[in-house]
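Multiple structures are listed underneath, in structure tokens.
The same subunit A turns up in both complexes below, where it pairs with subunit B and then with subunit C.
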Partner chain A sequence: MFTAQNLISVCITSILTAGLYAIMSYGLAVIYGVMKVVNLSNAGFLMLGAFMTMVYAQTLHLDPIAGAFLNIPLFFAAGWLVYVALVRRVRQALPIASLLMLFGLWLVLQNLALVVWGSEDQSIITRYTYKALPFFDYRVALTRLIVFSVALAVMAVLHVLLNHTYIGKALRATVQDPEAALLAGIDTERISSFAFGLGTAFAGFAGGLMTLLFSFTPDFGGPFQLKSFTIIVLGGLENLAGVTVGATILAFAESFSVLFMRASLQNVVAYALLVVALIVMPGGVASLFGRRT
Partner chain B sequence: MRWCRRAVVGVFLLPVLVLALVTPGRPAAGGAEIKIGTVLPLTGAFGSSGNYFKQGYTLAIDDVNGAGGLAVGGQKYHLTLIVLDDGSDGTRSRSLVEKLVTDQHVNFLLGGYDTSLVEAQEVVPDQYKIPYVEGGGAASEIFKRGYKYIFGTLATVYDLSKITMNFLSVQIADGRLPKPLTIAAVWENTDHGKDYINAVTDEAKAHPDLFRVVLNQPFQLNGSDFSPLLQQVKASNAAAFLSDAHLPDFITMHRQYLQAGLYNQFVSYGARGPDQKGRQALGSGADYLVAGLWWTPALKDAASQLFTERWKREYHETPDWFQALSFETTRALLTGISNAGTLDGPKVRDALARLTLRSMLPGGVIKFQPNGQVATPYVMVQNLPGNAVQIIWPPNLPETRGATLPMPRP
Partner chain C sequence: MISSASSSSPGGEDLRPGGGEEDHRPGASAAADGGRAAVRVRAAALLAPALGAALACVPVLAPRNITLLNLGFFTFLYVAQGLAWNILGGFAGYVSFGYAAFFGLGAYTTALLWLSGWTPVLTFPLSGLLAAVFSLVVGVPTLRLVGPYFSIATIGVGEAMRILMLNLDRITGGASGLNLPTVVPSKAWFYTAALVMAAIAYATATWIRGSRFGLGLAALRMDLEAAETLGVRTALFKNVAHMISAFLVGVCGGLFATYFQYLHPDTVFSFTESISLVLIALIGGLGTIWGPILGAAVFYAVQDYLQTSYPTLHLLAYGILLIVILLFEPRGLAGLAARIWDRLRPGAAPARSP
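Right after this comes the complex of A and B.
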């Protein structure tokens, strides 16, 4: 259905979805950028973020948005602990060691959630869950708008953090050249633990926000993991600004694909983009501009 | 060396612990035993439904054990149910069913849940000549493969879709829905979904004056985001939205449907909608949805009411069709064994093929067709505010009331 109204509508959906995709991928990009570790437990923390937000809503009657913010310090501490207790010990080993360990951690988190909350679908319904706002001739889901706005705000905060604080500059230096950063007096070990904490905090935060859009089970997070990988590969793996571009490309590709092919093949778009990006553009979109952030 | 000792102890202890977890209570000393095995999705995407099935199977078996066991050929047998979890994974499901047969030496099998997992399991029973009765897979494809040991207590999804279309034609005739009714149909890309869409398109072809399908799109099972698909539903400007989805997809899709501000005069997700889990997850957003069901606690016949009350006492929740079907499926298997008067697989299979069992399912009888599937009638229900459910079809039931159509705008 190639009407102008439909195309505009698809564009609006794509832009809002891009916000969601970006926010769930920042954590993965931060950790990979600093440590070159693929954090497979990201999906587990995303899921845990959703469940913790549900716990706040049930016990403290906290709105999911507030719950997502409350997740930030909690998950930062959890990520820091995971780094100190587990990741640091295998960092010098072959990449497969950290990959398998973090995969194991994901399974542990998943089963822990299963024991605590069971396998049933959980959801949080607020006063605004089903609200849609009029936007010219269109209707926009309020929850998607909230997630998109928060993603923009987080991107702005991240930009300030990375460019105008010592820790941010140190983090960027470590991403660009860990050895040079060390020679310049940066405690790269501390930066790594900070990055793992920050990445995990992002996952917990994103998980909390995603309760506005989705119901969730202990398996929640898995389907989004592949999308996150695609996004960071498209973005250039260690390029944080590239995450936003990658998220936008994937969101538009998925939404527009439904106009041309069966919706059941929607996931194929992410797989195909991943393969194409790895072969044609291994440096991601960042390589097109020849710079790193 | 301490870690080494721990590892060795762990290696030996772990299987013992696992066995202790999966092996239920033993029969009384000296008593004969019948082992019934089942592989269910207790975790993963279908975890909720799988656990309902486990509860239903367990209740039916406990009933028989509580009454002294199952009478077979003049002897009483204690029933032991062995339940394994496939994690909603088809490959694991099939191998676990095989494991039940070869390692646990089960005498009979109860089915898994959801069409795709039942399809993965169904090759094993015929291989080992072990009767398998299931109430979790409704796609007609399950029963088209020529297997002799598979029996199903769910009427086919094709019939579900067909009765929905029949119901719609009456609503059109009554002037509650526009003529022709434009339909946006989306369906999970499985044999379950294919059954559903086939009946929709068959009926639309048979009655072009009544129905016009303006969108026909499959979607991936266990999807995470349906917003692009729903965008197309919106763009189709259809009066009716029909979707064939399992519980997790129904919850995700309808939540996103409401969030996107969509409205159709008639919305149905096949057999989903009145499920307690769905209503909890969607709140008032699930009000006025219409569903076709194999059973509902809204049925007022004595057997259904008795079961509903019993279930509430036992589990402190209202049962859905999952629980009723799993209970009746177990009863069907046990009656078949009892009727055969032997534990011999082929003879029990023949007894099941001849079975006529009074049941709480609509129609009142479980009787398998030559292909192994029942053909019980469906009831159609509509969700009402306050977690209520109203039977709206067939018209000949005393509890049937008129549907609220077009659906009120949220």
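Right after this comes the complex of A and C.
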């Protein structure tokens, strides 16, 4: 079981999965970071992103990768709208109010999708779906490689956006200290709507990419949503760079768990990790190291 | 102290601090409000036994009306669970998305003991007890989390339980489910049993709300640290509230298993089961007594009506309703009913304008 061959192939899978996990969790982290709102509707937008990509493929014969990119502006607008119409109105209330509001939105999205597309499994098959590339002695599914590289590229663009543009710097300032940002003349209200749009755009984009790897139903988002929570908690909630760390930890933990237990229990690893991380290290993995030094 | 408690009690929890009418009112009108509220409470206290007695007559008058008895059974089961959920979620303000775990554990306890020869009714206390013990195991670590973090942790716990149960196929029957004996009591018996459960949950919730324990829960909901400073043993209170509500939901699970004669981890441990309780309490009115009752009645009626054409369309309707309620009437249907009640009483209108 523990041959070097096995370990290396599990590592390759983990790294590829980590890319996907990072891109799907980034939106959640941005929204939480800027406004401390737990976006339960992320699952709904992830699912909607997958279905929209399917719609483009069916009507416009658009490739899923192009579809995922097309989702970005559309979902940005949708997220902006959700913030202005719903979230802004309950932000002054207890934190649980916005969580419940977005939970309601998730229910609406999920069940609307059920009415429109039914509950059957959907999938998009492209010319390259079943292709694999040789990688030294191993074979790597082409779709996984594509998802990983596209996710990495988009995160690189985001990095540039956050570090070198005004709105990106303003966003990071708001994450660090909303009041100080306000005092420095940053329109935090506008940053919030921008962040919600950006977060939702990420969900739509990730959902689009995921059609390359998974089949999907209107219930599609739920398990990924919980994994995203695990990732941002592991990464240290307010730390955007932590998302990559959290995604890597979760991907490795899941892949290696398969060596020890039934594959059907894989999700339990993520959920257990979520509860443990919330209780033991609310500041993320980084806080464990911080305490020691 | 007592008068301020009674004036805030019928209002329930308000999610918008600025919108809490009872909290931010000048003294004089608050007293007037309290007086009206007291009338409302007295009327409600009389209404409940009367309603219960009237509903108890149904199986005697129409013992063969299966549709009506089934409607009653499911509605009362939801009423009992909504009231139970509300003890932690509403009174203490800890919104849990994981109650399916208690429901499922209760259902499987009854099922397994029944299969080994017990009479189902005798297993109900054990079902409740097991759910309560599990709630303690989960609650001790997770109830240390506040607000949204607790909610997220409970989603994780609930889903983890569902998957674990699906994989414990030796015990739960796994994905193929568990068939139970087919010799069961009449529908009228189930109707009455569920009504009794709802009455027990109502009595428990009403008693807690008026007790020192209930005041402690309200205090820790409003300000955890302040409550602790005043000597409320918050950790103990939260866990006891969690256990009481888990016990009630566990017994409901047992009753459900007896009725259905077939169990599957995906039905009794489902996320839908968990969110049904959240929706019932929220839409009815978080932290009120009548909220979950109204919420459950509407919830099951809508679900039953839409079930045949779209099995989950009621969740769409409830999602929209949830958003609307959070935007316009955070006190839910109970708050709406209280508003209408006040509007109908003469002399109430002037005090309403702030």
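The working rule: the second predicted complex is superposed on the first by the 286 of 293 C-alpha atoms of A that agree within 3 Å, B and C clash if a C-alpha of one lies under 4 Å from a C-alpha of the other, contacts with A are read in each partner's own complex, and residues count from 1 in each chain.
Methods note: a contact is a pair of C-beta atoms (placed from the backbone, for glycine too) under 8 Å apart; a residue touches a chain by one contact, two chains touch by 3 or more.
Model, not experiment: these values are computed from the prediction.
Participant: Between subunit B and subunit C, positioned on subunit A by superposition, is the outcome a clash or a fit?
Facilitator: Result for subunit B and subunit C: clash.
Participant: Just to be sure I read the superposition right, which of the two partners does A:Ile125 touch: subunit B = first, subunit C = second, or both, or neither?
Facilitator: first
Participant: In the overlaid three-chain picture, which partner chain does A:Ala272 touch, first (subunit B) or second (subunit C), both, or neither?
Facilitator: Touch partner of A:Ala272: subunit C, not subunit B.
Participant: Could you say whether A:Gly104 touches subunit B, subunit C, both of them, or neither, answering first, second, both or neither?
Facilitator: So A:Gly104 only meets subunit C here.
Participant: Just to be sure I read the superposition right, which of the two partners does A:Asn6 touch: subunit B = first, subunit C = second, or both, or neither?
Facilitator: first
Participant: Would you check which partner chain A:Glu254 touches, where first means subunit B only, second means subunit C only, and both and neither mean what they say?
Facilitator: A:Glu254 contacts subunit B only, not subunit C.
Participant: Could you say whether A:Arg262 touches subunit B, subunit C, both of them, or neither, answering first, second, both or neither?
Facilitator: both
Participant: Quick check on the superposed pair: does A:Leu114 touch subunit B, subunit C, both, or neither? Answer first, second, both or neither.
Facilitator: Both: A:Leu114 reaches subunit B and subunit C.
Participant: Figure out whether A:Leu94 sits in contact with subunit B (first) or subunit C (second), or with both, or with neither.
Facilitator: The second partner, subunit C, only.
Participant: Given 92-100, 146-154 or 254-262, which one is the stretch of subunit C whose C-alpha atoms run into subunit B?
Facilitator: After superposing on chain A, the stretch of subunit C hitting subunit B is 254-262.
Participant: Let me check the overlay on chain A: which residues of subunit A are in contact with subunit B and also with subunit C?
Facilitator: On subunit A, the residues that contact subunit B in one structure and subunit C in the other are 114, 223, 262, 264-265, 267.
Participant: What residues of subunit A sit close enough to touch subunit C in their complex?
Facilitator: Those residues of subunit A that touch subunit C are 38, 86, 89-90, 92-97, 99-101, 103-108, 110-112, 114-115, 222-223, 226, 229-230, 262, 264-265, 267-268, 271-272, 274-275, 278-279, 282.
Participant: Can you check the complex and tell me which residues of subunit A touch subunit B?
Facilitator: 1, 3, 5-6, 9-10, 13, 17, 114, 118-123, 125, 129-130, 132, 139-144, 213-215, 217-219, 223-224, 254-255, 257-259, 262-267
Participant: For subunit C, which residues are in contact with subunit A within the complex?
Facilitator: Answer in residue numbers: 15-19, 93, 95, 141-142, 144-145, 147-149, 151-153, 155-157, 159-160, 163-164, 166-167, 271, 275, 278, 282, 310, 312-313, 315-316, 318-320, 322-323, 326-327, 330.
Participant: In the complex, go through subunit B and note every residue touching subunit A.
Facilitator: It is residues 42-45, 47-48, 50-51, 186, 189, 217-220, 222-229, 231-232, 234-236, 247-248, 251-252, 255-256, 258-261, 277, 280-283, 285, 410 of subunit B that touch subunit A.
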